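Below you will find the structure I want to go over with you.
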Amino acid sequence: MSLLSIRGLTVTYATGAGPLRAVDALDLEVPAGSITGLVGESGCGKSTLGRALMGVLPDRGRIAAGQIVFEGRDILAESERARRALRWRRMAFIPQTAMNALDPVQRLSAQMAEVLIERGGLGRAEAAAQAAALFRLVGLDPARLSAYPHQFSGGMRQRASIALALALSPSLVIADEPVTALDVIVQRQILDVLRELQARLNLAMILVTHDMAVVAYACDRVAVMYAGQVVEAGPVAEVLERPLHPYTMGLTHAFPDVHDSAMALVPIEGSPPSLLNPPAGCRFAARCPFADPRCVAEPPPVRPFGQDHLVACWHAEQAPALRVRAADPQTWAAIA
Amino acid sequence: MLPWTRGCRSVRSVRLDPYATVGFTIYTAIAAMAVFARQLAPYDPKAILKVGNRIARYLPLSPEHWLGTNSSGRDVLSQLIWGARSALEVGLTAAFAVVAIGTLLGLVAGYLGGWADRVITWFADIVLGLPFLPFMLILAALTRPGAGVVIFTVAALLWPNTARVIRAQVLSLRERAWVEAARVTGCSTARIMFVHLLPQVLPLAALYGSVAIGWAILAEASASFLGFGDPEIISWGGMLQESYANQALSRGAWNWFAPPGAAIMAMVLAGFLISRGSEKLLFPKLADQ
Amino acid sequence: MLRLAAGRLGHLVLVLWVVTTLTFVLFRLMPGDPTLNFLSPSFSQETRAALLKGFGLDRSLWEQYLIYMGNLLRGELGQSFLQGKSVAALLGEALPNTVILTLVSLTAAYAFGIVAGAFLAFRRGGVVEALAIPTTLATRAAPEFWLGMLLLAGLAFQAGWFPTGGALSPGKEMGSFSESLISADYWWHLALPALTLMLFLQGLPLLLMRATMLEVLNDEFIVMARMKGLSRWSIVMRHAARNALLPVVTAFALGLGASIGGNVVVETVFAWPGIGRLLVQAVQSADYPLAQGAFLLIAAVLVVMNTVADLAYAALDPRVSVGAKR
Amino acid sequence: MKRWLVAAGLSAIPFLSANAQPAGDAVRPLVILTQPQAASPQDYQAAEMTAEAWKALGLKVTVRPLPGQQFNQIVWYERQRWDTTTWQMVGRPERSDPDELTYNLFVSANIANGYNLVGLNSPDYDKLAQAQREELDLPKRQALIRQAQELINQQQPYGFMVHPKNLVAFNQTVWDESSMQVQAGIGIRNFWTWTNLKPKGTQKDVIVNSVAPPTNLSPFNIPGAQGSWATELVWDRLMRIGPDGLPRPWAAESVTRPTATTVDVVLRSGMKWHDGLPVTIEDAVFSLEAPGFGDKAPMYRPFVGNIAKVDITGPMSLRITLKRPDAAFLVSSLSKLNLAPKHIWAPIFEDLKNKPETAESIMEKVPVGSGPFKFVSVKLTEQIVLEANKDHWAKPNVDRWIMRIAPNVEATLGALKSGEINFLTDYTGDPDLLTQLAKSTPTIKVADSLDIGFRFIAYNERRPPFNDVAFRRALSAVMDREALAADAYGGAAVPANSWISPALAFWADPGIDKRVPGGSLAAAKKILTDAGYVFVGNELHYPVGVKETTPVYN
């Protein structure tokens, strides 16, 4: 039983040229007690998905269709009041850029206390104690609670953000590119913290990233998003070892491996399709070295493939052969 | 947000924004009045009109005098129309001066940096320490009052606002690849500044200019009101001052008193509306803090 | 913060020195001579020469400059030609009136502007905005004295609700300025000039508040606050307003400095006995020592308030005041 | 290029027309200086109307307003520079005697730096002016004064415009009109009104207004017309000009003139300074002598210039010996000099000896006089508050005399309406509006009276062609004084052709305003052509052979 299951979720943005479908009829299961990586290029809708889950979309965005079943309740069907009650208490958020995400003119103690008191119902003293405990939990010196965000390094700010997210013991944490802005060493430290805490607190976590290496390092499961849809999902080991979707194959080459930085970088040529008028067939077809006329004409359905592995590709059956071709940079270069 | 993108957006919004459209319409109307004053004005604005051998003072609104006449028997509408000319002259000259000085110094400070930047910034700080109206009054008292003083004061005291913004923009532009490329291919500093960078910052500078037009008109009106205007030139500020000196208010001569004030307001407003796309333009001092 | 303050103060002194020197040059360039005001058939050339000597105008510019700076440092601004009183005393009488007028109108303008600006930021794109923004801009675009005259005509001459000028009713005697401050009469006289200035000044805080509020509302930490499920009140008051107010507070300090000099016109319309009116009268009657003193005072207030604005911004924004990184 | 063409075109005209009519150079463009409209809308408009009239004579005329400071500088100190200027002489009680103006305005002694701005140099006039000054017999002096007026009428050194009317207004629910005094040439706004004014109700403060801030209030300074209203009340004078326009003893028990050059004064006894000390005969002597000490009271110095010596002849009496007979001495000196306390001012004069300042610029914290009112507070740009001196022999009926100082004419009218002021004493605005206000507001009553002063356009005889009497006469002839009085001065004025106002009926020459030589455009042109001037087309040229050598005013 998943902690969170998303069914047919569609999020649109109103633009001058009509609605833009940032997330399009997306399905996703997030099991309890694991880290699910949500990976894709920028603009593929993964951050929108994170914000949609939190119920805080930008002004022009709205959920057009679908269900979000969280802890057995369809939260989209519930009142705003009920949804607000869930926020931060049951599901929390770790933002991408902690510098802007923390109020620049308030001390961290105040920002912690605000959540603990207003949302957690703690007294002032309890809140202070709890804040100190949370700081220790994420590896920060509680004495630094009196600091302002700008006095922290990037890594420290991200730790503080994690502490904030964990303040009310949520069951689900959505981390939106939590390490993107950090240098490699610090990235690793933060990921370690996330993994350790996830295990210790038995959290479910969605880790949104564009970096396959992060997924490989930190996640249990992975969902690959392309142009507003999940194109492949499954356990990390399975997906990375035996990618079924050409896009996943491309991505695994497009980013330096955390373990093996010597591996050749193979960027995927071209850019994702417009979400205003998505192509009729497979959305990746235009950039796919293996696409054929059917790919262009018909959207591939999501199919289970083997143990716990989902993919949306007409050519999933030929995956082993394609993986070999995909390893050759020439294959990708031909597209351009 | 980078100042550059801010600039881009405001420039684009000038074209789209309905407020800006209104602003440009006002400017166009005033410019038309100024250019065709001779054709549009029904009377010589300086002619003392007579009824019999008496001066035609305070004639009410009529088909002959749409806005009536004033205390010295002059046609108010004709004065209003001719006033557009001096408003435009003062406004444009002052705005041009502000933009020219501000852009030049902003470019130099931003692109050259170093001591040039420090000197210009320091100079701007001094200028910001001079109170605008009092400075203009003193200047008017020690030279011949009139538009020259107004234009000089506006140019001398308002350039720092433009310079600051231009400098910020240049700072971000100079790091761009194409500037780098120009440098590498051996373009002279002057060439980079004036051929490559200048066209990029001009739209932003022009927005500042549109606000400066307004300040110049207001300054001219204030100077006239306090008795430091050029009495020989027909200007809206002068008309207000004249109506004030002749108690148009007590007389209830709204036809004399209201139009020039409204005209000044419209012209200043037009500048604001045009620059509204980027509201920070109105608060230059704060924009980069 | 201390280092910052020390730096700003050093800068302040430098700017003040340049401004005072500039003033000196400006006034020495004035044509004619100050004795003209004693125009009289019996006024002999010798007397004029003696007077010039009395004002030290017969010495070399350098000597005059040294004397001038020396006098300034001692707070000695000379004697008003026309009023037979020391300039310092006249300025001392006028300054509190200007300060009160400025403070009251500026505070009212900012109180109104902040609330209305924040409101407009929330009500973006409605009819209210479509009406309010042009109205605000128009008020700001109208010549102050014109606004003042309209108010004076409507509310004082026609309706008779307010006095026509001055700071106190005729014959009212106040032992001290503080006595004036607590008299209803003073505030009744203050109402119209303050209202005029307020109308003129409210545009800036309103538009500024609206603009920064809009910017802040799109900031990541506001989104985060919403995600945290915080109440609207907490979001607006604790996070949005606090951050949006920073530039507004700075603008207030700048406005205070600028307004002291900008009050010239309003003070003249309402015969408000402040520095601005004093300056206008001094300039009109060529009372140079008085004009020079008033100008210096206004410039000094402006320069000081510019510095205060910088420091206020620094003090309110921990990014500047705490830690060196910006 | 364009300018060259124009220049060529201009020079071509006399050349082409030379055959038709020989002529000298064209008269240069002339300039009328005046005050800016803001400062004096009436003079400004009068200048404009005059310029229009002169254009009909084929002249190019421009009106050039100058701000106060510059205006005074140029007119007063740069006498070679200007062509014509508007100017005015204001009415003051001491000018109730024609001597001051008759002498100062036109005698040749005042050409260099005195009141003879225009530089009229007429030995005949000088003789008349001196003769009237020394003539103590009234009918004879009257004849001399009228002779002088006719001489000036022929010379036309000024284009006289109007004698203004003083407009004042008061709240008749507050003040009893019957208690007001009308002074010839001044109206009801005068010393006698202030000391006699009776309140009708509980408002016992008379609140008057001034549109200009007075200068420093000192017994040795003339603080402008408005400031004088206050100083008159604070400092007593030995004599005062009565409502009838004649001098009468005031702080003196009696003033007699035993010979043409001696004046005997008996000081009123029992007078006290506002600080409580008695007014002594030494104080009186000091007050007559102090303006003559060095050059420390330049404004008052001329008033004692004819005093040879002052002797104390008894505990309360003194004798003044004059250098020359002076018909106007009682008016222009004894009615003008303030009684100043010696115990305060003697040390000040002593102190001033080694300083450049004059006594004019000294102001006591609370100035001390002996008059019917004493100072309470002074803020020269806001208000002056005087309170009644209950110990004075002529103690006023009002409690306080308050002068509000506000240059805004609109606000002043509003203040009258709202009751902030209850006696409008200084109104420079549109007469119509005041009349209308009185009509719509029954509590307000307007009183007007013809002033002693006059307004005129001065012709600078230092600059040709103004040195030519024919040219001056022609200019004066085309000025429409009726229209000026009606339009420029809003009807609150009467046409003038003399410096002596009809308000001074005894001295004025009735009908002189109708006797301007010429008097019509045709007549004026004839005056010019008779004098040799030539109209070339529509342009006035000098007589044959005369070159224009005077530079255009700039």
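Think of it as A, B, C and D in the order they're written, each chain with its own count starting at 1.
In the analysis below, a contact is a pair of C-beta atoms (placed from the backbone, for glycine too) under 8 Å apart; a residue touches a chain by one contact, two chains touch by 3 or more.
This one's a predicted model, so the numbers in the text were calculated from it and none came from an experiment.
Trainee: If each step moves to a chain the current one touches, what is the fewest number of steps from subunit A to subunit C?
Mentor: Between subunit A and subunit C, the shortest chain-hopping route counts 1.
Trainee: Between B-C and B-D, which chain pair shares more contacting C-beta pairs?
Mentor: B-C
Trainee: Where the centre of all protein Cα atoms falls, which chain's Cα centre is nearest to that point?
Mentor: So the chain sitting closest to the middle is C.
Trainee: Can you compute the centre-to-centre distance for subunit B and subunit C, using the mean CA position of each chain? Integer Å is fine.
Mentor: 22
Trainee: How big is the gap, in whole Å, between where the Cα atoms of subunit B centre and where those of subunit D centre?
Mentor: 44
Trainee: Would you mind pulling out the distance in Å between where the CA atoms of subunit A average out and where those of subunit D do?
Mentor: That pair's centroid distance is 92 Å.
Trainee: Where the centres are mean C-alpha positions, what is the separation of subunit C from subunit D, in Å?
Mentor: The mean C-alpha positions of subunit C and subunit D differ by 40 Å.
Trainee: At least two partner chains per residue is the criterion; list those residues in subunit B.
Mentor: Within subunit B, residues 141, 227, 244, 249-250 contact more than one other chain.
Trainee: At least two partner chains per residue is the criterion; list those residues in subunit C.
Mentor: If we look for residues of subunit C contacting two or more partner chains, we find 149, 152-153, 157, 268, 284, 286.
Trainee: By the touch rule stated above, which residues of subunit D touch at least two different other chains?
Mentor: 67, 69, 410, 413-414, in rising order.
Trainee: For this structure, give each pair of chains that are touching.
Mentor: Once each pair is checked, the touching ones are A-C, B-C, B-D, C-D.
Trainee: What part of subunit C is in contact with subunit A in the complex they form?
Mentor: Residues 219-221, 223-231, 234, 238-239, 242-243, 246, 316-319, 322-323, 325.
Trainee: Residue numbers of subunit B touching subunit D in their complex, please.
Mentor: Per the touch definition, subunit B meets subunit D at residues 48, 53-55, 57, 71-73, 141, 145, 227-228, 231-232, 241-242, 244-247, 249-251.
Trainee: Using the touch rule from the top, collect the residues of subunit D that touch subunit B in their complex.
Mentor: Going by the criterion above, the answer is residues 36-39, 41, 44-45, 48-49, 52, 64-65, 67, 69, 409-410, 413-414, 429-430, 432-433, 437, 480, 483, 486-487.
Trainee: Residue numbers of subunit C touching subunit D in their complex, please.
Mentor: 32, 36-47, 50-51, 53-55, 79, 81-85, 93, 149, 152-153, 156-157, 160, 163-167, 169-171, 173, 268-271, 273, 277-278, 281, 284-286
Trainee: Hey, which residues of subunit C end up touching subunit B in the complex?
Mentor: Against subunit B, the touching part of subunit C is residues 11, 15-16, 18-19, 22, 26-27, 29-31, 133-134, 137-138, 140-146, 149, 152-153, 157, 204, 207-208, 210-211, 247, 250-251, 254, 258, 260-262, 264-265, 268, 276, 279-280, 283-284, 286, 291, 294-295, 298-299, 302-303, 306, 313.
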